[in-house]
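Take a look at these structures.
Two complexes follow with chain A in common, the first pairing it with chain B and the second with chain C.
Right, the complex of A and B next:
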């Protein structure tokens, strides 16, 4: 049963990806942007423009361009998406896949830690507020959920830089590193194994790099945790309140089960929707953590995407959107499976 | 039981009586719940500044003054300075300091709603109107066209929101109008889904059948009878959407894919002030940041209050 569900969902996801790539492909070509002028400069000669247009393959019709991109009935001698080739960047001439696989893990690492931490913080907060509704902890959690869930992460990022870097440094106290990248300028990132710098440095036995990277990751992760914990807390609180009022908890209580056991039952049911929400936020942050990446100069997929968008680098834009959509769809699928394991009412 | 009654009434032709009662309920909520009251005040303040902000600002938000990177006066000096400005005709101080081009931060902070709020309100309203109508049609008529509509809306929701908005704005030209269009495209599917779900719940009710039975044409049943009964969730969603639209507008400007400098806009101001913050010139970013933070929180609080009232 599970296998059938997964196969079905994978097929739907595949269709969605095809749809997304086609929509993005035509969307960026429909918008009134002139990538050739951006590339050759506005004073370029007619021939230069002509040559650039041809080398980018933009002189074909949109339909033919799409076929070239996909790799079916292609008239250029490059492979297409069908062969797992996303094209070459117009700016750096590097294959998009290389660039994306270099930048994506950086963002993934940051948001993974942030969401795990946010979940760990939100869980006890949401639970304690639900067990005593109307109490001080409940009020705090409620306002926190509403407030943090609606905050601009870029402002808090800058505020944190001001407080934890500038003000602490001025006061002569231990402070966060300057927001200028993932490591101190003199250190070099270890050769990539997983792409996650903390894990890689441990695997290579470089504790100095590990601590330095952790130090640099601290503020960006803190910023994201602050913003992201809001909706998760809200979700857990709401669900706990709903579950605790339900009949089966009443039954468990009247059967004389210890409170700890009851809390565990309630938590199991309340966690499922919160995890779904976490997955949605994960998907959102993949492309939505751009401001935080910029503030701390992390150099992840978000920075890459804004760079390619501003330089009208069509293949790079298409590739980023496609890869980000793909990763989020995989995460949604994985979460749905976990969800079904947690909640016995869900059948495939 | 009372809740049930009001719900049932709202589904009969008597729904005209309900808005009045809801107004009274909301007024009571405003007096009793601090958070909701706070949100309402912020909401009105933001609308007030969107209309009058640029007119009441002491300096031109787009013109440099002679003072570059001036620090704001200390907060305990404010009452005296305020007194001097208002009653003794002294030159208004730079309440929030000036930025490194000499622009008055206070004037820009209170002029920014003209950019932020107008973009957010127009895009949220446009997507609500469009989404509600499309959702009504999709819920009311079930045919190939509406099926396609729902699939397109699904597809749009699978897009990474922030990147899509960046692409739309950066490639079609960084101006207010294009931002509104981009936000509209991002937010419309939410309203389609919301309205459609509500319409599907309404359509099997007795009053719809009754309206049909007396010979109303389909479109009239849909727009005159079903629409008023299924619009409330969208209206509630509107407040939240305005808040998030402010967030997205300023986020886009922050990363350089929104309005162009020197337009007074909170996200842009924060971004222009960001490099100065490690030099200790905190006022360029912090004040617009507080403004945006309070605004979005206010809209979220109102949205939450309305949602609670509706349940």
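Right, the complex of A and C next:
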């Protein structure tokens, strides 16, 4: 049953990806932009322009360009997406897949830590504010949710840099590193295994890199946690309140179950919807963490996509969108499976 | 026994004594609510006590408070709840926990909501058992299987692994009973435990509770709104009104001479409804040509993603004469609603004939049938759901006139006034929206809409099930008046034998999509023949203490559950095989057919037609 569901979902995901790539392909070409001029400069000779246009394949009709891109009835001697080839960046001439696999893990690492941390913080906070509505924990989360949600994350990012880097440094206290990348300039990232720098450095036995990277990741992750935890806490609190007042918890109490068991009953029921929300936020942050990436010069996929858009790097934009869409679809699928394992009422 | 119990001075040996209990629900924007105020109760071992009261009078909160529990955010304001002389409200958490679920068991309303939706019922039963007994999880699990077997669940090894949503409400109720009884409590609190159950299942369950109570000398506090249950099972009746006990008498005294206003009112209502039914109905010439004939009607529903089908209606044949009210009675899954829908082509029959005034309805195209609709109407169970929430009464009633007549605007308006008058709605109601009216008025609007196009025939699909007893009596009277003044025939679908008894000329008894008995009201109600009809009538609890079910020598009853009407679940021969107390080995493989008896009725049981029963 589960296998059939997964296969079905993967097939649907494939269709969605095809749809997304076609839409993105044409939308980019609707932009009032001239990538050739951007590439060769405004004062280039006509031949140079002509040559550039041909080398980018832009002299073909849009339909033919799409076929070239996909790799069916292609008239250029380059493979297409069908062969798992996303094309070459017009700016760096590097294969898109290379670039994406370099930048994507950086973002994934940051938001994964942020969401795991957010969930770990949100769970007890949400539970305790649900068990004592109006209590200290409840008031704290209310104020926090209001406060954190009231300003955009880049503003919090700048504020955090100001406080934890600049102000603390001025005061001569231990402080966060300058927001200038993932590592100190003198250190070099270890060769990629998973792409997650903390994990790679541990695997390669470089504890110095590990601690340095952790130090650098601290502020961007904290910024995201700060902004993102509010809604998760609220969700858990809301669910817990509903569960605590439910008939089955009342019944469990009337049957004399020990408090530990009752807490387990409640948590079991309140978890599933909170996890859904977390995954949705994850999907959103994949492309939505750009401001935080930029502030801390992390150099993730968000920053890369912005760069590609600004330089009209069509293949790079297409590739990024496709890969981000793919990752989100996989995350949603994984989440649905986990959700179904948690809640027996969901059938495939 | 009754005298003994009523001796209130005999405080010795009380199992439960609550005094002066007050429960407060703090509200944020309005004054606090006191659901229970200075509540006193005392219960003895072996006693079966009924606690009655109107909705919202605090009876559920009161029952819960006997466990020392309130639903959040409620709090105990004062009082003591003494179990065996020890006050639950003064004990520490651990001590009171050891009493809950062990010495005092609880069965709640909405059994499916009282079970955790994401845990197997076996785990839930084991958890309760392990909370009070030092056993390994494996032993607790096998104990759970045993308990399920004990409360009459078929195939307990499979059911113990089920989740709440996979159980019927009858089965979920049994799981709760299994949980409540697993540590053999001395006091069982049952809060409307049978609401939502079919009558035969209700009887099984209450019998079981009664027997457990008498055999183990444990006490039962039964919270209910049903006078029938109280009359048939309880030793003593407590009436609760606005958070307090206002009457405490033994069951016979209560029915003979109620003291409190509320008790008098509900008993009076009950009597009025009974009298309304005794108004002589216009008689029907049973020799006349039938208005409607249904021959061998079959309706099956395919199940998505599976080869099996649901047999909703299996070979139903019956006739209806002009001016007659024919009752279709049955429990859930009996196919009564499907028959009503097939007759009106709201569902397309799988096979069979539907003949109305000598014309086949089932072969007409839907377009052709559209013209017949003015003559064949329906009234649904939930009046609010079946009226457009944004239409006024006038708009609702104008629609059938627009569709089926060529009246001028003015004629339509006067017809609407006439209709309102017919169903007893004030003219001021013309511009009212459905939700602004009471349920009774909504149902009157629904009836007015049905009669607007002057139909000869109306399907009444549980028209009174969503109404209070008082409104039910009024609607029944209205329907009878309309039938005799306008000559309308009814197909009256209901699971409620009391209303059927009041209004119908003849009764069709259905079980699992098959007709098991057809006869006049007197034949079926006074002397049911088919074993299912017998059990159904015996299980129906009439609010009358002169023939209490618990005092009968033989309690006609059915075993087990109604099987689900899916192809492979259906019995080979007689559909009642396995549940019937009169079954023989032959019944297992012998298909049953309706046979005409000497007194003119039809019965689908070979033993009855051979005169063996």
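Heads up, the rule we're going with is that the second predicted complex is superposed on the first by the 342 of 348 C-alpha atoms of A that agree within 3 Å, B and C clash if a C-alpha of one lies under 4 Å from a C-alpha of the other, contacts with A are read in each partner's own complex, and residues count from 1 in each chain.
One rule holds for everything that comes next: a contact is a pair of C-beta atoms (placed from the backbone, for glycine too) under 8 Å apart; a residue touches a chain by one contact, two chains touch by 3 or more.
Fair warning: this is a prediction, and the values are worked out from it, not measured in the lab.
Asker: For A:147, decide between first (touching chain B), second (touching chain C), both and neither.
Answerer: first
Asker: In the three-chain superposition, say which chain, chain B or chain C, touches more residues of chain A.
Answerer: Tallying touched residues of chain A, the top partner is B.
Asker: Report for A:288: first if it touches chain B alone, second if chain C alone, otherwise both or neither.
Answerer: In the superposition, A:288 touches chain B alone.
Asker: Does the superposition put A:245 against chain B (first), chain C (second), both, or neither?
Answerer: After superposition on chain A, A:245 lies in contact with chain C alone.
Asker: Looking at A:268, would you say it contacts chain B, chain C, both, or neither? Reply first, second, both or neither.
Answerer: second
Asker: So in the superposed three-chain picture, is A:253 touching just chain B, just chain C, both, or none of them (first/second/both/neither)?
Answerer: A:253 contacts chain C only, not chain B.
Asker: In the superposed arrangement, which partner chain does A:16 touch: chain B (first), chain C (second), both, or neither?
Answerer: Once the two structures are laid over each other on A, A:16 reaches chain B alone.
Asker: Would you tell me the residues on chain A in contact with chain B in one complex that are also in contact with chain C in the other?
Answerer: Residues common to the chain A contacts of chain C and of chain B do not exist here, since the sets are disjoint.
Asker: Which of the residues in chain A come into contact with chain B in the complex?
Answerer: On the chain A side, the touching residues are 16, 19-20, 23-24, 27-28, 31-33, 143, 146-147, 149-152, 154-155, 158-159, 161-162, 165-166, 170, 178-179, 283-284, 286-288, 290-291, 294-295, 305-306, 309-310, 312, 317, 320-321, 324-325, 328-329.
Asker: State the interface residues of chain B toward chain A in the complex, per the touch definition above.
Answerer: Within the complex, chain B contacts chain A at residues 35, 154-155, 158-164, 166-168, 170-173, 243-244, 247, 250-251, 254-257, 267, 270-271, 273-274, 277-278, 280, 282, 285-286, 289, 292-293, 296-297, 299-301, 304.
Asker: Show which residues of chain C lie in contact with chain A when the two form their complex.
Answerer: It is residues 64, 67, 69, 71-73, 93, 97-102, 105-106, 108, 110, 113-119, 127-128, 131-132, 163, 165, 176, 179-180 of chain C that touch chain A.
Asker: Which part of chain A faces chain C closely enough to touch in the complex?
Answerer: Answer in residue numbers: 133, 244-248, 250-259, 261, 265, 268-269, 272, 342-345.
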